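This is the structure I have questions about; it appears just below.
For clarity, chains are labelled A, B, C and D in written order, and residue numbers in each chain start from 1.
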Amino acid sequence: MIIVMGSHVTEAEIQGVENKLINLGLTANISRGVERTIIGAVGDERKIHKEALEALPGVENVMRVVKPYKIVAREWHETDKIISIKNIQLGGKTIQIIAGPCSVETQTQMDLSAQHVRNAGCHLMRGGAFKPRTSPYAFQGKGIEGLKMMRQAADKHNLLVVTELMDVRTLDAFLEHKVDIIQIGTRNMQNFDLLKEVGKIHVPVILKRGLSATISEWLMSAEYIAAGGNHNIILCERGVRSFETAYRNMLDVTAIPMLKKETHLPVIVDPSHSGGKAWLVPALSKAAIAAGADGLLVEMHPNPCDAWCDADQALTPDQLTQLMGELRLVAKAVGRDL
Amino acid sequence: MIIVMGSHVTEAEIQGVENKLINLGLTANISRGVERTIIGAVGDERKIHKEALEALPGVENVMRVVKPYKIVAREWHETDKIISIKNIQLGGKTIQIIAGPCSVETQTQMDLSAQHVRNAGCHLMRGGAFKPRTSPYAFQGKGIEGLKMMRQAADKHNLLVVTELMDVRTLDAFLEHKVDIIQIGTRNMQNFDLLKEVGKIHVPVILKRGLSATISEWLMSAEYIAAGGNHNIILCERGVRSFETAYRNMLDVTAIPMLKKETHLPVIVDPSHSGGKAWLVPALSKAAIAAGADGLLVEMHPNPCDAWCDADQALTPDQLTQLMGELRLVAKAVGRDL
Amino acid sequence: MIIVMGSHVTEAEIQGVENKLINLGLTANISRGVERTIIGAVGDERKIHKEALEALPGVENVMRVVKPYKIVAREWHETDKIISIKNIQLGGKTIQIIAGPCSVETQTQMDLSAQHVRNAGCHLMRGGAFKPRTSPYAFQGKGIEGLKMMRQAADKHNLLVVTELMDVRTLDAFLEHKVDIIQIGTRNMQNFDLLKEVGKIHVPVILKRGLSATISEWLMSAEYIAAGGNHNIILCERGVRSFETAYRNMLDVTAIPMLKKETHLPVIVDPSHSGGKAWLVPALSKAAIAAGADGLLVEMHPNPCDAWCDADQALTPDQLTQLMGELRLVAKAVGRDL
Amino acid sequence: MIIVMGSHVTEAEIQGVENKLINLGLTANISRGVERTIIGAVGDERKIHKEALEALPGVENVMRVVKPYKIVAREWHETDKIISIKNIQLGGKTIQIIAGPCSVETQTQMDLSAQHVRNAGCHLMRGGAFKPRTSPYAFQGKGIEGLKMMRQAADKHNLLVVTELMDVRTLDAFLEHKVDIIQIGTRNMQNFDLLKEVGKIHVPVILKRGLSATISEWLMSAEYIAAGGNHNIILCERGVRSFETAYRNMLDVTAIPMLKKETHLPVIVDPSHSGGKAWLVPALSKAAIAAGADGLLVEMHPNPCDAWCDADQALTPDQLTQLMGELRLVAKAVGRDL
């Protein structure tokens, strides 16, 4: 931690900061520059409340030197984290495409979806049984019944099940229906009680980025899960809120290499929710893989025009199959396979 | 709903949209312009999934005409909603200043806080027993014990208690300890399960705006609570995320008149979390009241330098008292009292 | 300047940074912490290219300690800058309301505007002779002829003239027609050649904030003008770009106290371009003055429905007169007059 | 244009809108829905000022149906625009990598740069003779002397010259020194007088996106150039301003397919200014090409640590050569060459 003192600082104020640091078990390194006096706090700065120092008289600014996250930091775990679930690996050389409908509607729709997902060459199926909808009047999901339908369809086609958990009270049902990967959605990235609960289990978690969460805040949310003991975390970039109105969200492709530098966890991308339009999915998917993503979360519906939600962003089964072929080439170009 | 067809649209595509609208129980008004054919959907557009229409062949764009919220819309309730709690009114002519520490620390701290809040002329006290913290290693709040301390301190000084609910599982404790106003924090604005739960009770709810929620999304979250039956909702603007790094959040002062036009619900402002610095609180508080806010949520701590969180944004008791005097003048200038 | 070295730094890398600093005429203060080695550069950091240090091997991060602007910084000029033009003062106790139409259309329209502006109690008139329009097909302004019309109308009613300069080649015409205050628009905040030219004269300059300029970048643009010798600079906040679509721009009210702390220059606000709607102007104007603004730039048109641009954001003459009365009360409440 | 009337609209207000439309040479299609009356304006809406309609009594909202740009719209020119300069094509099957230093420093540095650029397999060299710098105290470029150095170095190695024009007054010098492609920088995207000047010549123009310009505003700036007669326009995405502080700008990769749909003009990407760090360039470059970009603008310096500006974002010559090899694979994977 670096404490920059104001230009009219007094010796008493400098002393005050030094005393505070000593009380906190740290040492002060004082450097008197031409325009500013700077105090370096030597010791573990994660123990210090930045704000407590900023409130001290004479302090102009306090800057952190060390990143606030630790378990999820690559600095402390140099090797890539590879998450294995029933022979499927996330974070290794093979890129995983997780495909399926926005929401679980009927058993037939899920069976068809699973068949198409499998035929396209994917190993994981997504689908929402509990849906976070902006409007209270929109379809809220089939709930636990949806989990059952999804599990049944997935088992028939040998697929892993990925689905979103919104409420701590339904976690038991997720475990009972053997959800393979639990998704924490954008709106819950800082629902800390939910993060703590999935931190206590060992089912892998996809943690989607908040609508305008910084990479640091996002990693801190991952740290919440990791601090509870669950290190099987997959980060999912899904576009952030911006000023642009031509499409739904702005895919932050720079976040991919940045995360790869900062953390050893697998990073995937959701091109469907990013752009919000099916026709944007191929370009965004290729960009994500070219930038280093370990996987994608793609919406596919057996019949998009009849989908109960987000109809215009779902690929048709044929489009998914074609996309898989195109992505295989890009993956190969960056030394990966799919 | 207005459906704009692409420039190369065919009659079959126009027919397809018309059929879809008829299936949905609406009528189509077709207008063939110079460059575009436009279809107006006549009927209740809240029943239609915009996305389902966007997915139809030949459709370029779909625009909503009616706002998606209804119970919380001023269009349907012209008179200002006034929420009364034990003789205190929120949303009426009198502006309410809710003051208190960021977090509940000890009984002594809360007693002192309550005394200062009361002395400054406020009728409501804020304080966090459950704290949403970005870091899992930061102080997470005193929990239910904190609710007790707060209630006890407030009762001694005849104050109402305002505190944040983060988890559906603690709602019963909030009711048991007679929290007067339940706050839903920024990070939970779209925690729909939590919104549904507070929609079932009648305790007034302060709904803080999400970090980068649009006004429409925010009102839709209020609609979630209202749709459950609880119409005692207070909207709290607390600054939004922006590109500016000179301060913490950007106070969206324009949201105040915009909300006053769109909804009949009371609107308050949190100048402390907006700016993130105690010295910014007076200017932001005055701006909020001048723009038409019905109240403020202000951090005050008996001894900011020793606060367990957000130390640099809390006012001292003296600063609060002085601010109250200044705000009284501004309130009067805009025809309100305080 | 603080140089944070990476966690696996070598002695040679530390030495490299130290050598570079010595070459630049500075001294290095090296502090070896628990997790990071930190090098403080002692000397005038404005001389150093931050990027040149960041490019050195082993460097993780470089943080500035001192603000990059100097002439415009309050740190170096504690007293408020008051700009006097023909008995009118900007930046003093009296708040100045600059009113007038978006664009100069005809002599009659300008005469009428001037009369209404004067009747409302204002001393300065705005109006655009050169208009920055998003579309090449929109009305581009009356040009030099407009300057003449405006000057004539203003002289008749004893008003100062405020108008926008877009092109270095028209500066001579601005001087010839005795424009009292030259406005540099949002889109030209970083048109450095234009800034340099207005830095060479002594006519006061209103520098509008760029669409998403940080406060620091904005002050650096002011520094460009000041560095040329013209210290008569007025900063104008006019709303910034955001994700919100309910109104045009987001008025950054926090920028007002922040600028007042960082600079001694006068700060005004444009509530008309901020909100983009006439009905929002009163609330935003009051907020701006309550937060400490020294003036406003308000659009008024003798007949808004016939205005050649931005018709929906102009006040009518009656609305301006009423607003002036309301603002007088708010000004008084914060110890100013109007 | 669609005009949505407010819920309490009167017949007189509807009549008022209809009359206004008739005056403007358009026809009104009136549709009386359940909750709103909607008026469709039939005719060329580009002639209408949206704001003039919004200012009419009873109008709630006005929505455009047709895009405001025309010459640059793919709707009117279906085939990709290919720009040919001395055997080099931009916008065709071959992806062009434009490389070179941030700024022209010395003849030796430029000769070395040209040699490395050529050796890496590039055909175009970038370099700044006039530099838009945030600080007035930073190096402002070598000016016309820099143009000469660049031209000389480029000619020696058979390269095209790409450099930024900041001021209308230096355009003649650009033509005299035979700059092959004129760059309009981010800060000048809405410097309309500059756009008009480059619209009058036929030298190809790279138009960089403004810091937070929407795609629509950007295309309108291109329309300014095109309306003057110069249709040789290349759009350059270079990252936009966002809330994220982990890197400099957020590369808007979604803009690439979106532009490809909206316009027939070539689209290139500047990965160096986007991320602001050399180590981010490879990932961002691959993403851009995978998403469909027609070229890149990459910073390379013979000796980055000694560069006079933006040292930390320049690749070394070896890094450029390696990147070219990697990009060739990605280009091939998406059916292009390089």
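Basically, a residue touches a chain if its C-beta (ideal position, glycine included) is under 8 Å from a C-beta of that chain, and two chains touch if they have at least 3 such contacts.
Just so it is clear, the structure is predicted and the values come from calculations on it, not from any experiment.
Undergrad: Expressed in steps between touching chains, what is the minimal separation of chain A and chain C?
TA: 1
Undergrad: Can you list every chain that touches chain A and also touches chain B?
TA: C, D
Undergrad: Would you mind pulling out the distance in Å between where the CA atoms of chain B average out and where those of chain D do?
TA: Computed from C-alpha means, the inter-chain centre distance equals 39 Å.
Undergrad: Just the number, please: Cα centre separation of chain B and chain C in whole Å.
TA: So the centroids are 31 Å from each other.
Undergrad: Taking the mean of the CA coordinates per chain, how far is chain C from chain D in Å?
TA: 26
Undergrad: Where in chain B do residues touch two or more other chains at once?
TA: 212, 241-243, 245
Undergrad: If we count contacts the way the header does, which residues on chain A are in touch with chain D in the complex?
TA: Touch residues, chain A against chain D: 212, 214-216, 239-240, 242-247, 250-258, 261, 274-275, 279-280, 283-284, 286-292, 326, 329-330, 332-334.
Undergrad: Flag every residue of chain D that touches chain B in the complex, lowest number first.
TA: So the residues of chain D in touch with chain B come to 2, 4, 7, 29, 31-36, 38, 40, 42-44, 61, 63, 65-66, 75, 212, 241-243, 245.
Undergrad: Within the complex, which stretch of chain C touches chain D?
TA: Spelled out, the residues of chain C in touch with chain D are 46, 49, 51-52, 54-56, 68, 132-138, 140, 166-169, 187-188, 190-193, 196, 210-213, 217, 220, 223-224, 227, 241, 278, 304-314.
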